[in-house]
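I've put the structures underneath this note.
Consider the two complexes below, in which chain A is the common component and chain B and chain C are the respective partners.
Presenting the complex of A and B:
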């Protein structure tokens, strides 16, 4: 041999080390910003949740005192439990409806109907629009003399009106009973499309020969949906439910835009809004951090429960 | 084969986009992009959020007073970020001149540069710039950089103070003053005031005491707002038996009720109400205060709202709503009473100085011939009102404290305040302008200025926000029929005591 080459082992190690170093170098800028702005901020928030820090004040260590104050239902003006109740109801109802409707829409869009491409674009639009914009538009629509009351009035008075049923315009966002459902409806409308796309992808993953085999065995369309489509969509359902839960348990901007400090008599007050309110309006940073971590625990518990029931790959 | 590849790649791109959008949007908090902001500006007109349409001389507290518990919330404001700009001689070329010989100048540092922050929409910012131009005529060696903060002023200022980057001189409202004085962030102004020949007693007591701790002054009142009657002259002329309220305020609650009843016309969707009595504490409280009621005890530690005087006022106020004489803005599809008044759905409304630019703004499209009068006196014969005020303050650790104090004392001094009065933008916080020529044909401003001598500032200590919300929530419960007036007052008392215990 004219060329003396290094023994393969040393060559391989050198390349691997070089690749490692290159990899770390590329990661470093992102890692630094992640550590400082995400983990560092979270660590600081954990620290202040164990103090009694107020804005421009000094942080005195109080152990679990702040947590106790937040979780105490008898504490004066403690809105935490009301907010948690509202948030859980919001999450359960919205996730349920948005998952089922997303599956429905995806199945419809997956079949060869006319105008499929148009519907795919049209039904996806709500997810692309900024949620603040949609909130404002719905705020207008929900007014007492707004479009929704007008449409409902026109429909009901012209059909059921013949048997004497008259529709009174409802102030959707000003009634304690209708404010939260109104915002839930808006949220479902906005988030169905995103999950519909995921279900579409999941549906197209299902091999067609399974359906063909079922059809040969004489299964009806409905039977095929319940026994084939849904079980094979299980991983996507798990994903959608988890993401939906995490998102809805943190709902903030719809409440901020559409209601005045948590709706008529706190009926639309959510935990995320309370976190912002405690920090920026009541200047109580420690309490705000404590509520954030309690919310984190709640979300994590929800995730574990869903993983237990929905994730087939989970090893318990 | 190639076609399916193309479709597959398009689908995967769509999925990536979907994941990306979902990761940063979906149900979680969405960042308001600049596109969203302009869309917000387009979607939300002057009629949807009074806080946006009207940001006048009155305070951030006043804009909260406008948006009641049941009406439009403060939507993300249409104002976009304004870059800081130096108030230079070129920018001041068109500003009017003031007689600077009347200004008693104080000693300042040489080569001083000041940063100045405040809230306000574009028209307010222009008025502020004119004031800064006048300041430059008096103190030509000081360089001033104006940094407006059109929205989220409190949050932004608190963030800036946390990092030590706030301006040298800025607006404060009473809650901010409490927070900043206790954390020693504001400059004490007494020595600079005496150097400028200004005394604490030059200002109305109720206004300056809010920004002082004992005799130590930490902010000089900039302007104030209060509640007066704005009435529609056409509706009054057309109504039979309606007499416009007297300009000196010498009328009673019974006169007020009769006046409101005489202005009611129509039914159903086309009904015009006599007035608007919102379930908003800031509209009922002026009457209660006139009747001698108090929100807090003298030491500020307990609620005093559940009193016979307050109940009499609430019974009367709610009574006009119950019998249909007074309505609320949502019944006429308005965001707030000012909008209802502009749409001519109310004969008169009880609002503040923010109505003046709001009604004048051609963008709102209102064509109302209106005038104004003070609120009536109580059955006891006494007057009272709710005041909303704010002040100029300087930061304690400014690099140029003397120059900062010069700016504060000039802006709140007689020369500048009189110039501002003549532009019709705000009424002065200094005493002694009762017989000013401007008031002879400006009934609203005259009525507003008079309230400073008998009004009480809308401030209840560190728990102010909660106290205000408690009172409005109780009124909401009253209007929803969940409690009667006695129950509403009890609810207020319990809520306020709880709020005070929570500090």
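Presenting the complex of A and C:
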């Protein structure tokens, strides 16, 4: 035994150094990518946000000058606050509805229904389609003579029409008051399925005896939803809100495809679009970098707020 | 047991608390199925309309009131899109396309670019993410936890904030307007590493120990023991990453500026600007992106669902 115990020990020592080297070797490709395309990119963005760099020109250090001009509401042609307002409205409204509707549909789909499998697969379709394609399809459906106006007209005029309400077709994307809500509605419906799947998984993790105990105590179904289902779904709700918020605060593809540079009259201009626009249309790299950094701070603040209110684990 | 609980949670939503019979129950069922069918119409309707729209004449696709079934089928919309624009350059791939009789049409080239970029992306992600995941899940080395925490923190960074600086870096190494520009920055990612790490940790260690006793090195253990056992997780990652690359718009939009290199998504957006009124052609072009995505989903739907729940809920 004594003789046999020696080699594993020596091997163990060797193994330790070997693992130290191997660990970093296995990580090397990721580390290169992390250092170049994440840390390098962030460092570069922070650096030029303190300069006045344009695409063709010298970088002069200007301190917080670029940030000052971005944040100054009185600066001429400054679209930042307009874009931030649109983005925050977009994010708050879309996340609220997509989360609640996803819970609602997860609960409905989780119940005993016929064709459950069909609904699950069919509903997932918008989640696998490119945002560009969805945007192109809705761009067509939102036209004044499009199918959405036709459907709304048919529904409203045949019901409320009886009491004198008449629906007139709207050019949804050409109107400053309707363009952003139209894109938000599209976004809500096309993102519900992804989050619904997450809630379905969460619902299946809730132990059934909790409901049985509540039922014996005479709790109503509504009471059980509010007092059992929702609190136990809290971790999923937190995850879905965080993912939804990070996604919606960066909305870009839809704006690029469906609108003319965030129009009409900047009513659909978002921060992500502005970041792209400043860098690649205006060649104003410093401004783009400063706005990028501000967006990062906004996303982080949203995350902290959500963690404060939704994540019980953070305080437990 | 499970179904009973599900029925209970459900009934609260529909507001049906009566016994499993009687008028209230029937009303509840009607409301429930009404909701399901309405949602199906909203979610599937656009794709069905777009599919039929892609076979209509330009007048019919814009007609009011709209039609569902094309009055006059126009399959030639597809060939018109296929031959809509011509490649401008004359690189190796264009020459190859000419040699095999595809001509210099731009559209097949876009399709090729999408497939090519997605395939390379998937291969790189699977290989590089699994390497890192093996280190995180199985190897014990100094600084591991720090790097792992840093990696998770990067998931918070908004991708759009990295667009411009990444463009600058790619520009510094002279790769703008090459496939590499799209491939390199997303060759390996925190999401994929995290998903695989979670899975690798769930694999029992017995087999690896047996392999180690047989004298297998770490790389052999990784490639011969762990990877074969991790096939379900690798398949999930492959499907998700394929979809991500196939549908990606932002990265190719900024890194590529010659139409010859566009993937389908950017090509579609360019077509939309070219064909402002010919919606039928835009819809036909869209189908080239949508139908493969739907087919992949139809065959691998299990992996999509697993992927979307794995990282977050189970993790």
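Just so we're on the same page, the second predicted complex is superposed on the first by the 297 of 316 C-alpha atoms of A that agree within 3 Å, B and C clash if a C-alpha of one lies under 4 Å from a C-alpha of the other, contacts with A are read in each partner's own complex, and residues count from 1 in each chain.
Simple rule for what comes next: a residue touches a chain if its C-beta (ideal position, glycine included) is under 8 Å from a C-beta of that chain, and two chains touch if they have at least 3 such contacts.
Because the structure is a prediction, the values reported are computed rather than measured.
Applying the stated clash criterion after superposition on chain A shows that chain B and chain C collide. When the shared chain is aligned, chain B comes close enough to touch A:260, but chain C does not.
Looking at the shared chain after the overlay, A:243 reaches both chain B and chain C. Considering which of chain B and chain C touches more of chain A, the answer is C. By the touch criterion stated above, A:112 is placed in contact with chain C alone, chain B being left untouched.
Shared-chain residue A:303: touches chain C; no touch with chain B. In the superposed pair of complexes, A:64 makes contact with neither chain B nor chain C. In the superposition on chain A, A:81 makes contact with neither chain B nor chain C. By the touch criterion defined above, A:171 reaches chain B but does not reach chain C. Judged by the touch definition given at the top, the superposed model places A:145 against both chain B and chain C.
Within the superposed three-chain model, A:137 lies in touch with chain B and with chain C [touch as defined at top]. Chain B is struck by only one stretch of chain C after the chain A overlay, and of the options 81-89, 117-125 or 207-215 that stretch is 81-89. When the two complexes are laid over each other on chain A, chain A has residues 127-128, 130-133, 136-137, 139-140, 143, 145-146, 194, 197-198, 201, 204, 243, 246, 250, 252-253, 257, 272, 280 in contact with both chain B and chain C.
Looking at the complex, you find that chain B touches chain A at residues 11, 14-15, 18, 21-22, 25-30, 32-33, 35-36, 39-40, 43-44, 48, 67-76, 154-155, 158, 161-162, 179-180, 182-183, 185, 330-331, 333, 465-466, 469, 473, 476-477, 480, 495, 498-499, 501-502.
Residues 55-57, 75-77, 94, 127-128, 130-133, 136-137, 139-140, 143-146, 171, 174, 176, 187, 191, 194, 197-198, 201, 204, 243-244, 246-248, 250-253, 257-261, 264-265, 272, 280-283 of chain A touch chain B in their complex.
Listing the residues of chain A that touch chain C in their complex gives 16, 18-24, 26-27, 29-31, 33-34, 36-38, 40-42, 44-45, 48, 104-105, 107-113, 119-134, 136-141, 143, 145-147, 150, 189-190, 192-194, 197-198, 200-206, 208, 210-212, 215, 220-226, 228-229, 235-236, 239, 243, 246, 249-250, 252-253, 256-257, 272, 275-276, 279-280, 285, 288-289, 292-293, 295-296, 299-300, 303. Chain C makes touch with chain A in their complex at residues 1-17, 32-33, 35-36, 39-40, 42-44, 46-47, 49-50, 53, 61-66, 128-129, 131-132, 134-135, 139-144, 147, 150-151, 154, 156-169, 184-185, 187-188, 193, 218, 222, 243, 246-247, 249-250, 253-254, 265, 268-269, 272, 279, 282-283, 286, 289-290, 293-294, 296-298, 301, 304-305, 308-309, 312-314.
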